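The same chain A turns up in both complexes below, where it pairs with chain B and then with chain C.
Up next is the complex of A and B:
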């Protein structure tokens, strides 16, 4: 696949509906985007804007209540008519497209050792993979995400790890089979700032080192701006703005994007003001 | 070195179903005694000179209307009733567990299967079994089938609901996103979570199966008066109960009660282990009444 080809991943007029209690709600409304090999794209929007649903529709892990109603997906230059469940084929999941789900605290099976979880993930693609093979690959993957003593860690169960460690294991599980694209859905939820940065740096490093694409789904505009080259702003299921980070930040065209940038600016300045006020209070006393 | 080094003080602890040991021993002892009686002792012969003798040093449980020793027959019946109940339980589990998992993971089948089960379970299966026996002849083979047919829907419902809640877990989504097929996800991620639930349901099913075996024996379905079975013994004892020979009914009933109670305790212990609780409160039969009445009241 060439870089000027049709793109690594694309969606055209993708629509997803949720049915709850007989009421149909359009969660994603004719969303179109493309992702070139090696590109980092951020999908930004508030909760309920449909950004996670886009990621799941691409992967084919939509919940039973959701249904893709229209759209064409492009994966690796091939077009697939999106089925109701959406998504790429099972073989592509994990091997071609890695997924970093939200919430490191639930993404690992709590009662299995890490080694077993790595082995299960490998055997989903290579049925005959041996224990030793899986173990060796897993140790390398764990070391690759900067975890010390990986061989020993593999014997642990998830509850024995900190949140940051767990999410690094999740990143290792999403990237160890060298996929050409990683989809990360709010990968830093519930992590402290240092771990947030660590996880994001890992994802960016993988992208630049191995020419991997990254689709980052987040509500955090500054983070998306820092780690992505291009942004897609979503609201109420629609793409309201799309463009390079610079053009969107410096010259937002849509009212909602302006509000989003403005609210980030307000928060930043508010934090600063608080700081000065409290120090002044201290000085007055 | 253990992996616990990485934790901040939490240790790896597996909840063990501790309360399941004693009842299991009781049950296995009864079964082994029954088998020993059946294999090594001479078949208890009727003694016409000593009918309906009350419990004594010679006949611990007394003798029945045709002069057979009730103790020997009660033991011998364990070797009929328990294996039949276990066979039926096994058949129910072998069919019910895969079907339950299948309808649990596949949402398309799920609803339809449940509606079918609704209709199926509304059907009086014990009566149906009696009808089958009337039509096809009286054979003990129908009993395990009846047990299986009654218990398969129970397995299916239980596992389906357990799967439905597990399926929502993030790690199941993560496994699917990592390319795991439905069957693989079920086997590698769901089944380990369901292990204790399945074991506890199985011992509960075995208890229910024993009751079914006894009920059918009592009605004479699949068994005749010569079969050593607690249900058959109670049926024949019931005819002479009015003459005051309580031992012909009470001892087989007590044997059945102990077995069913033991199986229920095993199930209870497994359920508690699954919920991460300690062993069940009452440890002796004396405290059962207290457990039942006091705890029930406190729960309100």
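Up next is the complex of A and C:
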């Protein structure tokens, strides 16, 4: 994939509708964004904002109830009219775009050994490799995400791993074919704090070491602010604000963004109402 | 026990809840016994708010179930105003429940989907205060809803007709309708968006201040604990590794595990500068 186009990935006026029980609901409403090569962009929004739908539309993995109603997608400098299912071809996923989904349980096949899953990924992308070569690559990928004794672990099945280890395997599978872009949709949900840090640090390291782009979809504003350079704030299917992390945090334009920053900052500093330190308690101080 | 709710007393008052040396082991189908809780002790005084921090598998939910009397410890005891709850009969336990309000993580799943808000909130009045007439009952239900940040317009709604935040407010209204001295809050806002979470926690903080409630809050979220609790106990692999005033523990953790946790947190840059000065 060439890295010198106008944008590595993007959408122009992308709209997606869901049909549930005969009712059509606009989940994504004319969303436009561009991700430049090597850039880390965060799509931040709360539940129902449409942030995950944008990612799935780009990936072409929309659920059957959803369809793209309009929009142009840019993938690797090419513009493609979005089809109803959205997105890129299966060939591109994994090879050009790595995907780290929310739920590591769903991302790994529960009945196959990890080694088999790495081999299947190679076959899906028509990469030729002997069994030994594939294992060697997989071992390197597992070691690269900080998993100890990778050769032994490859013989394990997913249920034998902790949640944090599973998500590291998912990151390894998403990045070992050296894609130019990783899309991560709430990649740390369900993980404890230390593993959350670890997974995000891995994603950032891959981005900076290999010049890979990162599209991070998250409800977690501090996470997006820490690991991305630019943010897209979504609410009710629309982009309400876009800009650098610094400009959005220090000078939010939209009322919703202001509220979001306020809520997070108040909670983090332990203050819930104007100027009252809620954890203040005579007995404790 | 005195059914009248006591006002919060000064520090040094008789403890409301004492957990003493609680241990609980579960048998798993594979892998043998798991010691979920090991020798956990804490004291909760009237008017206090104690947070039990723990990540998944730390045993924090088992602690909340032991305190609520939903499970019996293998060893150790929980006393409520000096009475050992594990020694109580079924009937005594039911009577005791009116002094414990509980709010759980999944607001929708913890509310019967076919019941109106009126019935959901009024249910424990039916059980524990059957003498109330219709009007007095309605008054109590509405007062409870108001304390929880709702009003009488939601009385006839079903849970699915409410937002997630409203559902959790119904859960709070239900938990406080008998005016219990103690609320056990088990991950009360972890399924809610941050702006809603902030509002619900603000309601809980106000309730505690204005109504003199005592909280035992179970959470895996440090900001939630910092916002609502004056004390925190850090649970790791079934044991309390550190306990103290919330600000002391979170700003200057002593145990290696707590230090790792605090370092792993991803916070908004310059968080403190983005809130109004106290």
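Definition applied: the second predicted complex is superposed on the first by the 262 of 285 C-alpha atoms of A that agree within 3 Å, B and C clash if a C-alpha of one lies under 4 Å from a C-alpha of the other, contacts with A are read in each partner's own complex, and residues count from 1 in each chain.
One rule holds for everything that comes next: contacts are C-beta pairs under 8 Å (C-beta built on N, C-alpha and C of every residue); 3 or more make two chains touch, one makes a residue touch a chain.
Being a predicted model, the structure only gives us computed values, none of them experimental.
J.: Considering only the touch criterion stated at the top, classify A:197 as touching first (chain B), second (chain C), both, or neither.
T.: A:197: touches chain C, not chain B.
J.: Check whether A:47 is in contact with chain B, with chain C, with both or with neither, and answer first, second, both or neither.
T.: second
J.: Which partner does A:260 reach: the first (chain B), the second (chain C), both, or neither?
T.: second
J.: For A:131, is the partner it touches chain B (first), chain C (second), both, or none of the two (neither)?
T.: neither
J.: Looking at A:222, would you say it contacts chain B, chain C, both, or neither? Reply first, second, both or neither.
T.: Second partner only, chain C.
J.: Between chain B (first) and chain C (second), which does A:61 come into contact with in this model arrangement: first, second, both, or neither?
T.: Only chain B is touched by A:61; chain C is not.
J.: Who does A:249 touch here: chain B (first), chain C (second), both, or neither?
T.: In the superposition, A:249 touches chain C alone.
J.: Scan A:140 for contacts with chain B and chain C and give back first, second, both or neither.
T.: Once the two structures are laid over each other on A, A:140 reaches no partner at all.
J.: For the complex, which residues does chain C have touching chain A?
T.: So the residues of chain C touching chain A come out as 10-11, 45, 47-49, 55-56, 164, 193-195, 197-198, 201-202, 205-206, 220, 222-224, 226-231, 245-247, 260-261, 264-272, 274-278.
J.: Quick check: in the complex, which residue numbers of chain A touch chain C?
T.: Touch residues, chain A against chain C: 46-47, 163, 190, 192-194, 196-197, 200, 219-223, 225-226, 249, 259-285.
J.: What residues of chain B sit close enough to touch chain A in their complex?
T.: 1-8, 10, 12, 107, 168-171, 173-181, 184, 188-189, 192-193
J.: Help me check something: in the complex, which residues belonging to chain A touch chain B?
T.: Residues 59-61, 63-64, 90-95, 98-99, 101-103, 106-112, 116, 120-121, 123-125, 152-153, 155-157, 159-162, 165, 170, 173-174.
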